[in-house]
Structures are given as structure tokens and as C-alpha cells.
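Same chain, two partners: chain A is paired with chain B first, then with chain C.
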Partner chain A sequence: MLRLAPVATLLVFLAPIVAGLLSTALPAFGWFPALGGREFGFGIFARLFAQPGLGTSIALTLLTGILATALSLALALAFCAAAYGTNAFARAQRFLAPLLATPHAALAIGFAFLIAPSGWIARVISPELTGWTRPPDIATVQDPLGLAFVAGLMLKETPYLLLTLTAAIGQADLARSLATARMLGYGKFTAWAKVAIPRLYPQIRLPVYAVLAFALSNVDVALILAPTNPPTLSVMIVRWISDPHLDLFMPAAAAGLLQFALVVASIGAWRLGEIAIAHAARDWLTNGERGGEGRLRNASARAALTLLFALAIAALAALAMWSVAQSWRFPDALPDRWTSAHWLREMPSLAAPATTTLLVALSATAIALMLSVLCLENEVRSGKRASKALALLYAPLLIPQVSFLIGVQTLLVRLNLDGGFAALVWAHLLFVLPYVFLALADPWRALDPRYTRIASCLGASPWRVLFAVKIPLLLRPLSVAAAVGFAVSAALYLPTLFAGGGRWTSLTTEAVTLASGGDRRVLGVYAFAQAALPLIVYAAALAVPAILFRNRKGMA
Partner chain B sequence: MRRRDFLIAAGAHAAAPAFAQTSWTETLAAAKGKPVFFNAWGGDERTNAFIAWTADRVRAEYGIELRHVRLRDTAEAVQRVIAEKAAGRDSGGSVDLIWINGPNFLAMKEQRLNYGPFVERLPNFRYVDAEGKPSNVVDFTVPVDGYAAPWRLAQIVYVYDSARLPKPPRSMAAMLDWAKANPGRLTHPTARNFLGATFLKQALYELTQDRALLAAAPTDANYDAAVAPLWAWYDALRPTLWRRGAQFPESGPAQRMLMNDGEIDLMISFNPAEAAVSIANNLLPATARATGLDGGTIANTSFVSIPYNAANPAAAMVVADFLLSGEAQARMSDPRHLGNPTVLDVERLPPDQKKFFADVPPVPGMLSAAELGRALPEPHPGWMTRLAAEWEKRVLR
Partner chain C sequence: MTGLSLRDVTLRVADKYLLGPLSLDVAPGAVATIMGPSGSGKSSLLAYLCGTLDPAFAASGQATLDGVALAGLAPEKRRIGILFQDDLLFPHLSVAGNLAFAVPANAPDRQRRVDVALAEAELDGYGERDPATLSGGQRARVSLMRALLAEPRAILLDEPFSKLDAGLRDKMREFVFAHIRARQIPCLMVTHDEADAAAAGGYIMRL
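Take a look at the complex of A and B:
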């Protein structure tokens, strides 16, 4: 039975993605009888390429996606180089989890509040420093180059890469190599660059590609921060799909494939870039230059990360502030009147999306935990280390959501499953499972096998060992994995929109919808609630083992 | 159950009043305890609050569970109905009621996606003012034919900040002059948005040579000449707009936020009470005022319609009827809530319904009929569709 766990997991998982992609490909190549498409060919692509603004949109997508990934990676690596082994590194670790639990959309909304020409930063420094009594006519949000969008992506992706780097450091046993390099006189920064990065990078390659795919194809952050005329390709696709005349449905499917191709090409180009950099750096790695202390580099890397964290925290504070502001006019640094009226008034309408968010996230997380534990148990019991096939679990993180969700939506409607709770949970599971598995895999594999052996020697069956020994011992990583899964689910926008069939709204879909509207105070309520829910769950996840094992040393 | 509903609806026209009366009782019975998924654009908080209030009232009154599906764009709901039709789901659909008008209504009507005709069966429909407010029965030159129930009137006004702009422009030429003298202080929602397309339509109305053409669908023969003066005006205006006309707010409320932040001084709105209501809600500065145009402005009606495959058409009809009640209409016309003019002829209402209107207080900042100016009919939706598509070609590069 247990041996079937990985196979079953992959089936539940990959079959619909493949079916979804195929079902996107059919209309893209002209086959969609419902709209009179009965001839295979490239006509739909011709129509796609005739759409106004498509070229600019593709360029914007590539520029912002690659820039955001490169900058996030550079900053994460530079910070590790500058701060690994210091108190600053440990302090940064404490910020990572809450930042990662905060949904992209909430951060993006708060970030927009912050940096807009009439935003909080401008309000604080005006009119004293700037002389502005009215906001300047400068595009700082939705700017034509997409820089605000890049910065908004970095707010989430840098902490994510930092977390994966931390995990990789733990596995690579770098401390001794670094100490050796330092003894040989290498500067802190240079030691890291020459000794650590070549060993760490292969381990974080997959997460980097996932970041790249996300940056190239996400919809919710782009809706809030990216330019709109034209928008990024994925936003353009969502726009076309919601066109009432359906003229653009088939070109939108073609664009879904184009989006897929862009991601594949970008990952390929990134891989070539890796090879080129590795080649070019070969001499430098072994030329023996010690590189000095690099105080300036260290200080600027630390400052950049501190700024990033400060922006993220200020963004959340801005959400909270707006949600209790009665009126807050430019250039006042703070609201002139405060009120709880928005929270009280919105509470009834907040209840339904909050409940949906909670139920879907809990269901998807529970299933993901169960499947992950079964797969890992199978791996440990059969003694076969992670079968290659399980790497396919990461497919949903590398394939652009919109590319297969278009097809999945038509499939769900055809199967009469759209708008059902099960479809929604399944769509969330696609994205929750990889993260839960990632979070759980290392601690599970690292558990000392002697516990199992002792318990077996005492006569416990494998299942009894699992429930009586392993799960209690691994309760903390299990809770953390659950919190991660919850946060991933709570933040999903496009899967909720597509699989929910409009019947299910989550805090995320509500907040993104409201972001196009005009009352920051109500938006503040929703976005803050959206950010708060996963944070509360995260805190609870840490509290559970702490309470259960309050009288056990080293378990909480 | 559904079959019976259809028969009742089909029979309503020919039937005697007594039959209509009993069938409404049956409708009420069929509606009880049913959910209604009301698909309505969710970008405006005051409207959302009004719908939430409606949900409370229909629950108390009829036992109906009204759920507001907040749309980013009304087209999402139309598209869902089309997708369901394509998939062969001809009953038990996921949309019960849609807030709709203009091109979306035309799209549904052309593809026969509406349930009905049903409005004649609504007891409150008899108080709707069809003569004085013709847009209640003709939506964008398209006869409604009983497939959609009116609930909300709108007329274009331009809201301005009187502290910065004491004498607002009252014609397109004056608006262009003012914008040239004050660059960056005017914008409009993107033309993909209803209100943004309306900005272009209103200008077209004033600038085009032969207004009579607008009453019918544009043809390839007459379109270019009719819109040439509009684009000449717009090409001159666009570089003077906010963000030099490269960026536009996504919706009316997003545009209002820009005005509240002091980024712009003049904006289009579809609600004559916009200034008064928004000031009361701290959404616009206290110095905001509204104005019409010397040549009059476009007026239209918002409708609710029921998709042909709605799961609970009876309950949807009861909600549509409630929206036409004196109670709902008076609350809607109250500037503390929405401030839209009512679709009813208040004089014809029975006293128990009329009394709700007496409770609406007079609010300062509301426009007089003279300031508002003449109400112009909407052009055929074809004009709006073409204008929006052409705007996109000009702006997306």
C-alpha cells in the first residue's frame, strides 16, 4: 500500500496539470468547437501577435521577471556573504518566517500605499523636505519600466531565497570550509563568494527557477504594481479571458502557451548564464586574491536587506493604519481622525471569505501533510532515497499558473466540477504540496534512525512507530510545514479565481479585487486581515509543540 | 420546478392580473430559503454596502440568502454563463442575478442568455417611470424587452475641487483649454472600464458632426468620419493628462482616490451625488463639487438580469422586485448611501411606499436640475465597443 503513495501522489497531481496544458493547447491551435474552432493551424497565434501592445508586454514581462530574480538572488547571496555567522544573520532569520507567511498581494498593496507619489513616504517628508503641498506627477507605482513591480517581488522573493540558502548552508557543513578560508587570509565577502557560493548554488537552483517562473508569470502582484498599458503577459491573458465577447478566448489560450514558452526559455537562458558565469569565474576562484575585508560591501549588503525588511514592515503598518483611518489627507504624516468603523462595518462581509480561506487552507494543508508523510515514510522504510520522480512535485512551481489553469477551468466546467469545494482544494493542493514536502523532507530524513530501531526492537509495528514515536518527535517540523502550507494556500489568487468559479472568494481574491477600487480604508481592512490570518496560524503552529512539550527539554 | 418557472414566466404576458397575482405568490414560495448569487462589480464600497443591506432585508423579508459575488469586471459573469452554455449546463447555473447594462447586456441578449421576459411580473415594476426616464426600458438604444429590471439611474457629471478650480469647464473645448493650462490635473479611467469609455462617449456626443448616427450601430462607412473630431480632440488632450496620458486609473473609485489624494482636480462621474456622498464618507475633500455640461450629459439605467440557466430564478426575481421597492429606492437615492436618482415615478407610489422618500434628508452639495443639465440618451453600444478597442490600439504600444 505504502509503496503506492508516491505514485498516487504524482497521479493526483500531474495528470490534471498535463490535461490542463493540453486543454489550453487545443484552443491555441484552433480547436474549440464551442466557439466554432474546428481547424488546427497557427491562425490563432497570428491573431495573438496582432494584438496591440503584445511586443511591449512580452518585453516588460521578461525584463521585470529576470531583473526581480537576479536582484533577489544577488541580495540574498550578498547578505549571506556579509552577515553569515554574525548576530545580524540570526536576527534576519527571525524576520524570515513572518515575511514568508505574509501573502504577496497584501505586501504589494501595502508597498503601493508606501511608495505612491501620494504615499506614506511622500506624506512623511512633505511638505517640509520636498515643498510638495500636492503629490508630484511622477509614476512611482505602475511605472512604465516596472521597477515598482520588481521591488514588490523582491520583498517576498529575497526572504524566500534567504531561507533556502539557510537550509542549504545547514546541509553543506560550510562553517569549517569558511573558517579555513578565513585563516588563509581571505576576506569575509570573498571567502563566501569563492568557497560557499559554488557549493551552495546547485542546492538552491530549483528554488531559483521557481522564483524566476513566479516572477515571470504571477498575476496578483502584477495587477497591483506593474504598468497597465500594456500590462505583463499574464495580466493581459486574464484580461482577455474575461472579455464578454469571447473573441479573445482562443488567443488568450495561445498566449498561455506563449507564457509557458517564455518561462521555459528564460529558465534555459538562466542555465546558460550560470554556465557562462561559472566558466568566467574559474580563474578568479583560484587566483588567490584575498579580497580584503570589504567593509563597504558588507555594510551595503546589510543595509540593503535592512531596507527591504523595513519596507515590508512599513507596508504592513500602512495597511493597518489605513484600516483605522477616518480621513488621511496628503500631506499629513498620520490620519487626523481614527475609527474602528471600517472594521465593524466590514466584519459581516469579511466572515465569508475568511471562512473560505481558512477551510480551503486547512483542507489542502491536511491532505498535503498526509501525502508528504506517506511519501517520506515510504522512502525511509524502503531505504530508497527520494526517487527522481518526486522531483516532478515541483512542476506546479515551474509551470506558469495561467498556462494550465485556462485549460483546467474548461475541463472542470465540462466535468461539472467547477465552483465545487473539492476542485478548489485540489487546485490549492497543487501549490501547497510542494512547499509542505520541501519543509518536511529534510527534518524527516534527518531523524535519527535509531529511535525507529529501538521502538521496533521493543515490538512496535511500523505504523505504531510512526504515530507513537516519529510524529511526536517531529511535531515541530510538522507544525512548521503546516504553517507553510497554510500560508501558501491563503495567498493563492489565480487558482482560487479559476477553480472557485466565482462562487468561492478568499481574502486574497477580495483584497486584489478591492485594490482596483478606491477606498484605501476598506482595502486596508481586507489586506490586513489577509496578512494577519497566516501570521496567526504561524504563531499557533509554533505554540502547539511548545505547549504540548512544555515539560520536555529540546522538543519544543 | 425549473420547467414550471419557465411556463409561468412565459405565460405572464398573456395572463390576467389575477393569475399574475397568484403566480407571484408562488414565486415567493419558490424563492423561500434559496440562495441568490448576485454577480455585481465589487469595486465600489458604497454599492457593496448597499448590496449587503439588501441581503439583510431579503433574508428578513423573504428568507432569501443573497450572496454578493464581487466582480472585477461584469464581463466575468457573462463569460461564466457563456462557458456554462458551451459546456451544456442549461440549468443549475452558478449565476442567479447580474448587475448589467450596455455592451454586456447586448452580448447576453444577442446570444439569448437571458431568463424571461420577467420584469412585467414584478409587482413593483408598475411604478417604474418609463416615460420621464426612457433609459429604464431602452438600454443604450437596445429595447430591454422585459429581460432586465431597472434599479439605479445614473447621469454623467464632472466632479471638481472648487478650492483649486473655481469655475469648472462646461464644454469639451473649455476642458481642453483648462487641461493645457493645468497639465497633469485631469485623467479618466481606462477605456476598458465602463466609466472610462463613457468619458470618450460624452466627448464624442459633443464633438461629432451628426449626433443622429449615434442612435444606431456604427457602420464601417460612417464610423471613421463620425469619430475623427473626437480623436483630434483627444490627441490634443492626452499629453496634458495625469502621467502624460500614459497611465490611467483602473476604475471610477480608483480615479476618485487620485482626487482625494490631490493628484487631480477634475474627474468624470456617473453619479450626480458623487461629490455630496463622497464628502460625507471622507472619500473626497470638503471642497469637491459637481457640474454638468452646457450641452447636457449622457444618462443611463443600471439593470439586473437573470441568466437563462440560473439555479434560482424565482428568488432572483424576488430580489429584483425588492430593488424596485420604495424602501430600497429611497435608500438608494439617499446621499448618505448611494445618492442615485430613483428609477420610480415617486408620485405614482402608494402612500406606504412613498413615505420612505419623505425620510430622505436634503443634503447640501447636491446639484440642482439646472446645474445638472439635459439628460442625453446613450449611444448604441457598438460605438462604445469600437471606441474602447480603438483607444486600446492608440494607448497600448
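Take a look at the complex of A and C:
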């Protein structure tokens, strides 16, 4: 039974993704009888490429996606180089978990509240520094180059890469290598660049590709921060699919494949870039340049990360502020009157999406935890490291959501499953499972195997060992994995939209929908609620093992 | 035939010879010692007897306990207790919880057995304590009691005293061997400490 766990897990996973991609491909190549498409060919692609603005949209997508990934990675690496081993590094760690638990959309909305011409930043510095008494007429959000979008992506992706770097640092024995380089006279920054990065990068390569795929194809942040005319490719696809006339459904499917091709090509290009950089750096690594103290570099890397974290926290504060602001005139730095009226008024309509968010996230997380535990338990009992096939778990993080969700949606409709709760949970599971497995795998494999042996020798069956020894001993990583899974699910936009068949709204879909409207007070309520829910769950997840084992020092 | 019996036991890892062929009989109440440097496969031999040998190893030969072949029996069915150099008390359970974990589920007097074990470990009244708050010697005694409460028919010791303070070691050796003899079960110890072997006072095999 247990031996089937990895196989079953992969089936739950890959079969629908492959089926989804295929079923996106059929209409893209002309086959979609429901809309009269009965001929295979490239006609649909011809229609796609005739769409106005497509070229600009592709350029915007590539530019913003690659720029956001490169900047996030550069900042994360530079901060590690500047701060590893200092208190600043430890302090930054404390911000990672809450930032990662905050949904993209909430951060993006809060960020828009900050940087808009009438946003909080403009209010704080006006009129003293700017002379503005009315919001200036400049495009800071949805700017034509997509810079606000790039910055909005960085707010989430930099902490994520920093977290994966921290985990990679923990596995490699870096401290001694770095100390050796320092003793040989290398500056802090250069020692890191020459000794640590070549060893760390291979370990974070997959997460970097996941960031790249996400930056190139995400919809919710792009809807809020990216230019709209034309928008990024994924947003354009969603727009066409949501069009009630269905004229553009088949070109949208073709665009889904195009999006897939863009991501594959970008990852390929990124890989070539890695090889080129590694080649170019070969001599530099051993040329003996010590690089000096690099105080300026260190200071600017720290300052940049501090600024980024400050922006993220201020974004959340801006959401909270607007949700309780009664009147907030430009250019006042703060509202002059506060009220709970928005919350009270929205509470009834907030209840349904909040319940959906909670139920879907709890269900998907519970299933993901169960599958992960079974896979890991199978791995331990069979004594075999998970087959390479389990790496396929990461597929949903590398394939653009929109590319296979179009196909999944048509399949669900055909199977009459669209809009069902099960379909919704399953769509979330696709994205929750990889993160839960990632969060759980290392601690599970690191548990001292002698505990299991002792328990077996005391007569405990394998299942009793699992439930009475391993799960309690691993309760903390299990809780953290659950919180991660919950946060991932709560933040999902497109899977809810597509698998929910319009019947289910979550806090995320509501907040993103409201973001295109005007009322900052209502939007503040929804976006803050969206951000608060995973944070509360995260706090609870840390509290449970702490309370249960408050009298067990060995469990700290 | 009673006791623990090994016939031509050989261990290999990845087609590389590791240990054996090794034949040995340990009578009930006796302590046999296998001495050897680290890396000689001592711990793997104990894992083989427990049934928890890493699948990367290949074993041949035969091991029997009280005349019953161990091969093919699940670890939890073998009724072989093991002690490591670390006490490995479960950190999530209380001292009494650790002991109760070992008492067979259908025993009629589970609580009394735990109390008796606590008394034998000179830890009366320590049942509800967090194991992390006990001293090294106290923890080692609880660990032995836990192994014995499972009613093992043989006990294996894997460098059991090497992490204890020198002053505690003699007392602990006495404590462990006395309890094993009192229960009349065979004991196989692996160690690289001559003093352990001398204290055991039984057959010594050198690898």
C-alpha cells in the first residue's frame, strides 16, 4: 500500500497537468467542436498573432519577468554576501516567514496604495518636499515600462530566494570555507562571491526557475501593478477567456501555449546565461583579487534589502490604515478620522469568501500533508531515496498556470466537475503539495533514525512508530509545513478562478476584482483580511507545538 | 536451544566485505562482548540482529533467538532490546510516558510496572518529569528500564557507556549488567572500551 504513495501522488499531479496542457493544445491547433473548430492547422495561431498589441505584450512580459527575477536574485545574493554571519542577517530571517505568508495580491494592493500619485508616500512627503497639494498626474502604478510591477514582484520573490539561500547555507558547510577565505585575506563580499555562490547556486537553481516562471506568467500581481494596454500575456489570456462572446477562446488557448513557450525559452536562456557567467568567472575565481573591505557594497546591499522590507511592511500598514480611515484628505500624512464602519459594513459579504478560503486551504493542506508524510515514510521504510520522479512534483511551479488551467477548465466542464468543491481543492493541491513536501522533506529525513529503531525494538509496529514517535517529534516542522501550505492556497488566484467555475470566490479573487475599482476603503478591508488570515494561521501553527510541548525542553 | 546464536553471519555493503563470517552463542544471563575499531561493522551487526539493517547492506548466515530464526521477522516481533551510547529517550514524552511506551499494551498492570521500573531506576516520583531535566546517569537508567519493560528475550548494547562521565561509568556498568543477569536474558555488547569488556566478565571476541 505504502509503496504506492509516490506513484499515486504523482498521478494525482501529473496526469491532470499533462491532460490540461493537451486540452489547451487542441483548441490552439483548431480542434474545438463546441465552437465549430474541426480542422487541425495553424489558423488559430495566425489569428493570435494578428491580435493588436501582442508584440508589445510579449516584450512587456519578457522584460518584467526577467528583470524581476534577476533583481530579486541579485539582491538576495548581495544581501547574503554583505550580511551573512551578522545580526542583520539574523534579523532579516525573522521577517521572512511573515512576508512569505502574505499573499502576493495583498502586498501588490498595499504597494499600489504606497506608490500611487495619491499614495501614502506622496502624502508623507507633500506638500513640504514636493509642493503638491493635489495628486500629480504621473503614472507610478501601471507605468508603461512595468517598473511598479517589477518592484511588486520583488517584494515577494526576494524574501523567497533569501529563504531558499538560507536553507542551502545550512546544508553546505560554508562557515569554515568563508573563514578560510577571510584568513587568506579576502574581503567579506568577495569571499562570499568566490567561495559561497558557486556552491550555493546549484542548490537554489530550481527555486530560481520557479521564480522566473512565476514572474513571467502570474496574473494577480500583473492585474494590479502592470500596464493594462496592452497587459502582460497572461492577463491578456485571462481577459479573452473571460469574454462572454468566446470569440477569442481559441486564440486564448494558442496564447496559453505561447506563454508556455515563453517560459521554457526563458528558462533555457537563463540556463545559457548561467553557463556563460560560470565560464567568464572561471579565471576571476582564482585570480587572487581579494576585493578589499567593500564597505560601500555591503552598506548598499543592506540598505536595499531594508528598503524592500520596509516597503512591504508599509504596504500592509497602508491596507490596515485605509480599512479604518473615515476621511483621509490629500496631502495629509494620516487620516484625520478613523472608523470601524467599513469593516462592519463589509463583514456580511466578507464571510462567504473568507469561509471558502479557509475550507479550501484547510482541505488542500490536509491532503498535501498526508501525501507528503506517506511519500516520506515510504522513502524511509524502503530505505530508498525518493525516486527522481518526485522531482516532477515541482512541475506545477515551473509550468505557467494559465497554460494548463485553460485545458483543465475545459476538461472539468466536459466531465461536469467544474465549479465543484472537489475540483477547487484539487486545483489548489497542485500548488500546495510541492511547497508542503519541500518544507517537510529535510526535517523528516534528518530525524535521528535510532528513535525509530529503538521504538521498533520496544515492540512498536511501524504505524505506531509513525503516530506515537515520529509525528510528535516532527510536530513543529509539520506545523510549519501546514502553515506554508495554507498560505500558498490562500494566495492562489487563477486556480480559484478557473476551477471554481465562477461559483466560488475567495478573499484573493475578491480583493483582485475590487482592485480594479476605486474604493480604497473597501479594498483595504478585503486585502487586509486576505493578508491577515494566513498570518493568523502561521502564528497558530507556531503556537500549537510550543503549547503542547511547553514542558519538554528537548522539543525546543 | 535457548539464548542468542549466530552462525556464519557475514555483512557486505555494495559488494564490499564488511564483517564475518562470525559464529557466536550467548547463553541466557551471559554477556558476550565484540570489540573492534570504529568502521568494523559492529553497529551494523546489531542493526542486522534488530532487523533494522539499512537495505544497502547484504547479510548472509543465520541468527536465532531461543531456537527461532530471526530472518524475516519484523523488528517489532523480534523482542530484542537495544541501548545506544545516547539514551534516546523520546523528548516529547514524560519519563513515565517513555517507560509506558515500552510496556506491552495488553499487560494488566501497566501503571504498576512503570512505578516498579521507576523505583528500580532510583527515580521514585520522577514520572511526570521532562526527560530533558534529568542528569545523564538518570537518563541512562531510564533508558535501560525502558528497554527491559518491553520484556525482551535478548538485549544488545551499542557502546552503551561511552558518553557517560568517567565517574558514572562504573556504577552504570554494574547497574546494567546486574539487571540483565537478574532477568536471565542473553546480552551482546559491542564496544571499543576494554573496561566495558572486563566489567561484563563474559566471552570476548575481537574483530
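We take it that the second predicted complex is superposed on the first by the 554 of 556 C-alpha atoms of A that agree within 3 Å, B and C clash if a C-alpha of one lies under 4 Å from a C-alpha of the other, contacts with A are read in each partner's own complex, and residues count from 1 in each chain.
Basically, a residue touches a chain if its C-beta (ideal position, glycine included) is under 8 Å from a C-beta of that chain, and two chains touch if they have at least 3 such contacts.
As the structure is a computational prediction, the values presented were derived from the model and not from experiment.
**Q** So, on chain A, is it clash or fit between chain B and chain C?
**A** Because the two structures are overlaid on the shared chain, the partners are seen to fit without clashing.
**Q** So in the superposed three-chain picture, is A:Ala455 touching just chain B, just chain C, both, or none of them (first/second/both/neither)?
**A** second
**Q** Applying the touch criterion given at the start, work out whether A:Ala34 contacts chain B, chain C, both or neither, answering first, second, both or neither.
**A** In the superposition, A:Ala34 touches chain B alone.
**Q** Taking the superposition on A as described, I'd like to know which of chain B and chain C A:Ser327 touches: first, second, both or neither.
**A** After superposition on chain A, A:Ser327 lies in contact with chain B alone.
**Q** Chain A residues in contact: does chain B have more, or chain C?
**A** In the superposed model, B touches more residues of chain A.
**Q** In the combined three-chain arrangement, what's the angle at chain A toward chain B and chain C (CA centres, steps of 10°)?
**A** Computed from the C-alpha centres, it is 140 degrees.
**Q** Is A:Thr410 touching the first partner chain B, the second partner chain C, both, or neither of them?
**A** First partner only, chain B.
**Q** Output check: A:Arg552 vs chain B and chain C. Expected answer is one of first, second, both, neither. What do you get?
**A** After superposition on chain A, A:Arg552 lies in contact with chain C alone.
**Q** With both complexes overlaid on chain A, does A:Gly131 touch chain B (first), chain C (second), both or neither?
**A** Touch partners of A:Gly131: none, neither chain B nor chain C.
**Q** Which partner chains sit in contact with A:Ser382 here, chain B, chain C, both or neither? Use first/second/both/neither.
**A** It touches chain C, and chain B stays clear.
**Q** Could you state the shortest Cα distance, in Å, between chain B and chain C after the structures are superposed?
**A** It is 48 Å, taken between the nearest C-alpha atoms.
**Q** Return the residues of chain A at which the contacts from chain B and from chain C coincide.
**A** No residue sits in both footprints.
**Q** Help me check something: in the complex, which residues belonging to chain A touch chain B?
**A** 34-35, 52-53, 56, 116-118, 133-135, 137, 139, 142, 144, 227-230, 239, 241-246, 326-327, 329-330, 345, 348-349, 352, 409-410, 413-414, 416, 418-419, 501-503, 505, 510, 513-514, 516-520, 522
**Q** Mind pulling up the chain C residues that touch chain A in the complex?
**A** Spelled out, the residues of chain C in touch with chain A are 47, 50-52, 54-56, 74-76, 78-82, 84, 86, 88-93, 101-102, 104, 130-133, 146-147, 149-150, 152.
**Q** Help me check something: in the complex, which residues belonging to chain B touch chain A?
**A** 37, 39, 42-45, 48-49, 52, 67-80, 82-84, 86-87, 89, 94-95, 103-104, 107, 183-184, 190, 192, 242-244, 246-248, 250-257, 260-263, 282-283, 285, 392-393, 395-397
**Q** For a test of understanding, state which residues of chain A touch chain C in their complex under the given definition.
**A** It comes out as residues 382-384, 448-462, 468-469, 472-473, 475, 549, 551-555.
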